[in-house]
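Read through the structures below before going on.
Two complexes, one shared chain (chain A), two partners (chain B, chain C).
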Partner chain A sequence: MTKTIAIIIIFLIAIALGILVGPTRLDSEILQLRLSRVVLGIFAGGILAFCGCLLQGLFGNPLVEPYTLGSASGAALGASLGIFLFGAISPILAFLGSLGVGFFVYTIARIEGGLLRDRLILAGVVMSFLCSSLVMIIMVLGGRELYEILYLLMGYLGIIINATNRVMIIALIAISIGLVAFLYRYHRELDIISQGTETAAGLGIDIQKFSLVVFFSSALLVGLTVSIVGAIGFVGLIIPHVSKLLFGPKHIRNLGASFLLGATFLLFADTLSRVITVYELPVGVVTSLVGVPFFIYLYKR
Partner chain B sequence: MFLHRKLFVIIGCLILLGFISCAQEHTNSSYRVVSLSPAMTEMLFSLGAGDKIVGVTTYCDFPPQARKIRKVGDFSNPSIERIVALKPDLVIVNLPEQKRIKSELDKLEIKTFISSPKSLQDIYKELAAIGDTLGLRRRADSVINYMKQNIQTVRTSDRKSVYVEISPKPLITIGAATFLNDLINAAGGTNIFEDLEKDYPVVGQETVIRRNPEIIILLHPEDASGRTGWQNIQAIKNDRVFKNLNPDHLMRPGPRLVDGFRELKRIIND
Partner chain C sequence: MNALEARSIQFYYDKTQIIDNISMSLSRGEFLGIIGPNGAGKSTMLRLLCGILRPKQGEIQLFGKNLHEQSQRTIAQNIAFVPQETHFALNFSVEDVVLMGRYPYKRPFQPEDQKDHTAVEHAMNAANVEQFRNRPINSLSSGERQRVVIARALAQAPRILLLDEPTSHLDLHHQHTIMELLERLNNEGISIAVVHHDLNLASLYCKNLILIHAGKIYAEGKPAGLLNKKMVREVYGIEVTIVSHPEKNVPQIFL
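On to the complex of A and B.
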């Protein structure tokens, strides 16, 4: 209980810092900007960590996350293609990229009656490489869109919100919240499956169908997130581990804690990215820069 | 007999003339230049040396004749093989963007001319230098004079603050080390990011709002209205956002900067 209160307090501190700290004095206009940035941070950090936790539970593998499964890279490829073809990030293309790569990985790893877990990661990493080289080709061909794609690949919360994208962002966030709520209800099944697939099958859970639903919903979530703030790494991989260290294996607490911790972590990282230099840094640079030492400390303790 | 001698002299003269014209043509068009810089391609044409260019990048689109020249790749990825195949006497490279290609050309001992103008003065210097290299110094001087005469500093006590946006995602603007910064100064304005040393820095929205520019110039097609948090910037409130300027008149160092300067002067002192 004290742990729960502690992470909520830290989360609130992160929000307060995200609003109060920045390169300039706070007034009503700056407040609007920082509020929208904080909302994006909570949304992106929370969802990435939530998906990481979900997938790690489903596949019983500590390395699984949106990145290693290839769906983040697929989304980035789709989004880059949108920038190249239409001059703007298209959430539909990002989602299709994420889903397409997810589908490939799934087909490669599927065997009679289940998924080969090792093959899943391998397939995911291989597809990530493929997507990266395709993105590189787009960067070389495009030239002028290079910076936009670069920031997309590293993730950036300081995007301009204007009349054309405001409605879309709100809609995407609403869809994501719906999806998170829908997936959260499966915490009990996840607990059972992460114990072992035989037990789960014995208890009458249709693993094939369940994996499919979770796998593709998380691909959708990642696609939506990437289309708004870009492919932010590290959060989805590490935060679920931190949450497990703090709260144990039960998913009812783990999923929620991952969401909160992911949001908190990304907010801290974004606040840092705004103040360490005069220039704006992509937040993805900061997440690993700060996250890795923290993670080593946590595991060595 | 007399007639014969006359004929001889005439034929002799003609032959001599032929030699001279051949020799002249020799110095003129057998010098082969590959230009990897759209701006330099423009400058060479303005010096009347367009016929010396045997290779350009896909970005070299002005003047229209430049499009007909063989392409060696785009601005950021020119192909070294295609350049070498054209057997150039001189390759014009942009630094720092084409550092890699420059070092490869150095290894092959192909002569390079470096273009990397950070100020108006740099542009004049480069024009003079390329004029010297091609033996067209006088033409170069006249282009320089044309530019200097038409880009004269406006004397004003009321300097307008200007924000130039090159890209909206992320926000990229111009710092002090750019000729566009000089151009804005000369036109009677002040770049709000003049204190940044980087040439094309990425900045945050907060800083733009805090620095509250009186004029916003967008060098990309996106709009600036309706942005969250931007509504009280002076330029937005007073409808002083300009987006229909030709970026090539402002971003490419060359004689067309004169047109860009005229537009800036009109906008800033309106």
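On to the complex of A and C.
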């Protein structure tokens, strides 16, 4: 209980810092910009960590996250293509990239009656490399859009929300929150499947259906997130571990705690990204810079 | 009506035939041992009986109704399956593990109620794991963990218990406690089928045996009639000595 209160307080501090800290004085225009960043930070950090928690549970592997399964890279490829072709981030292409790579990885790993979990990660990593190569080609061809794609690959919360994209972004966030609420219903299945697929099947879980729903819902969520803020790494990998260290193995607590901790972490990282150097850094750079030592500390403790 | 009945079951992976036209039944109150050499198909048969695998041909009936026309939840309310060894990737408490046996009775978001907790207490009591209740599962020995898995199976309130070599990695003491536990559960009315490769344990505890060899039923019947030198020579390809257990009067095999 005290831990829950503590992480909520830290979350609120992260929001406050996200609004108050920055190189310029706070006026109404700056306030609006920072508020939109805070909203996007909560959304993206929460979703990525939530998906990491889902996928690590589903595949019983602590290394799984939207990146290692290829769906984040697929989404980045789709989004880069959108920038190259239309000069703007295109959510549809980002989903298609994410779902396409997800489908491919799933097909490679599928065998009769189940999924080969090792092959799944191998396929995911290989597909990530392929997507990265294709993005490089787009960047070389793009020239003018290079800078924009670079920020997309690293993740950036400072996109300007204006009259043309406001409705779309609000709709995407609403869909994501709906999906998160829907996926929460699987907390028991995630607990059980950590003991192996046979145990899960013996307890009455339809493994095939469950894996499909969770895998592709998270691919969709990642596609949605990347299409708005770009591909932010590390949140989906480390936050579920932090959550398990704090709250134990049960997913009924971990899914929610991962969302909250992911949001908090990304808000801190974004605030840092605005003050570390004279220029704003892509937030993904900061999540790795802060995340790696933190991760090592947690495991060496 | 039998608890489980399999009729003309065929099962194969790609082109490798695993189960070749097996018909068998598990009657109510039975304590059945499924024995046979490695790779004979006995573990596959067990997975077919509880619906984890689906036969390519043939039908399985659960209390007279086609198994595959029932939902996986309904099956899990009737049949509990205990795998050979469970790897716990997450370190749940023993009580949490046993509580997972209530899954087939729960809807999404429905919290555990008094009925669930009563079932869990009863299961932990029967499997004698109450004292470990708050211990992390991975801090237990493999014999104790196996008892927790059986407790989880009992929390399902099953009418049928299917176990795949439940004693294979256990020392003499734990082999004994697990088999005694199964015998007690059987006396309380649960029908049990257990895959064994230890013929002597099977002979000591099972009422009837089915011997599977190369995907077919080689023999079935009481241990006293089934375990003989000729069978062991033909199925396992070795010469053995068989004597009668001095107290229980069932055959025991010596190399």
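Going forward, the second predicted complex is superposed on the first by the 301 of 301 C-alpha atoms of A that agree within 3 Å, B and C clash if a C-alpha of one lies under 4 Å from a C-alpha of the other, contacts with A are read in each partner's own complex, and residues count from 1 in each chain.
What we mean here is this: a residue touches a chain if its C-beta (ideal position, glycine included) is under 8 Å from a C-beta of that chain, and two chains touch if they have at least 3 such contacts.
These numbers come from a predicted model, not from an experiment.
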{"item": "First (chain B), second (chain C), both or neither touched by A:Gly158", "value": "first"}
{"item": "Touching partner for A:Ile175 - first (chain B), second (chain C), both, neither", "value": "neither"}
{"item": "Partner chain in contact with A:Lys250 - chain B first, chain C second, else both or neither", "value": "second"}
{"item": "Chain C versus chain B, contacts on chain A by residue", "value": "B"}
{"item": "Partner chain(s) touched by A:Leu63 [first = chain B, second = chain C, both, neither]", "value": "neither"}
{"item": "Which of chain B and chain C A:Ile10 touches, first, second, both or neither", "value": "neither"}
{"item": "Chain B versus chain C as contact partner of A:Gly204, first or second or both or neither", "value": "second"}
{"item": "Touching both chain B and chain C, residues of chain A", "value": "none"}
{"item": "Sites on chain A touched by chain B in the complex", "value": "22-25, 29-30, 32-34, 36, 87, 140, 143, 146-148, 151, 156, 158-164, 166, 274, 278-280, 282"}
{"item": "Interface residues, chain A side, partner chain C - complex", "value": "60, 112-113, 185-186, 188, 191-192, 194-196, 198-199, 201-206, 244, 249-250"}
{"item": "Complex interface listing, chain C residues touching chain A", "value": "13, 47, 50-53, 71-77, 79-81, 83, 86-92, 96-97, 100-101, 103-104, 106, 108-109, 156"}
{"item": "List of chain B residues in touch with chain A within their complex", "value": "59, 74-77, 167-172, 196, 198, 201-207, 209-210, 221, 223, 225-232"}
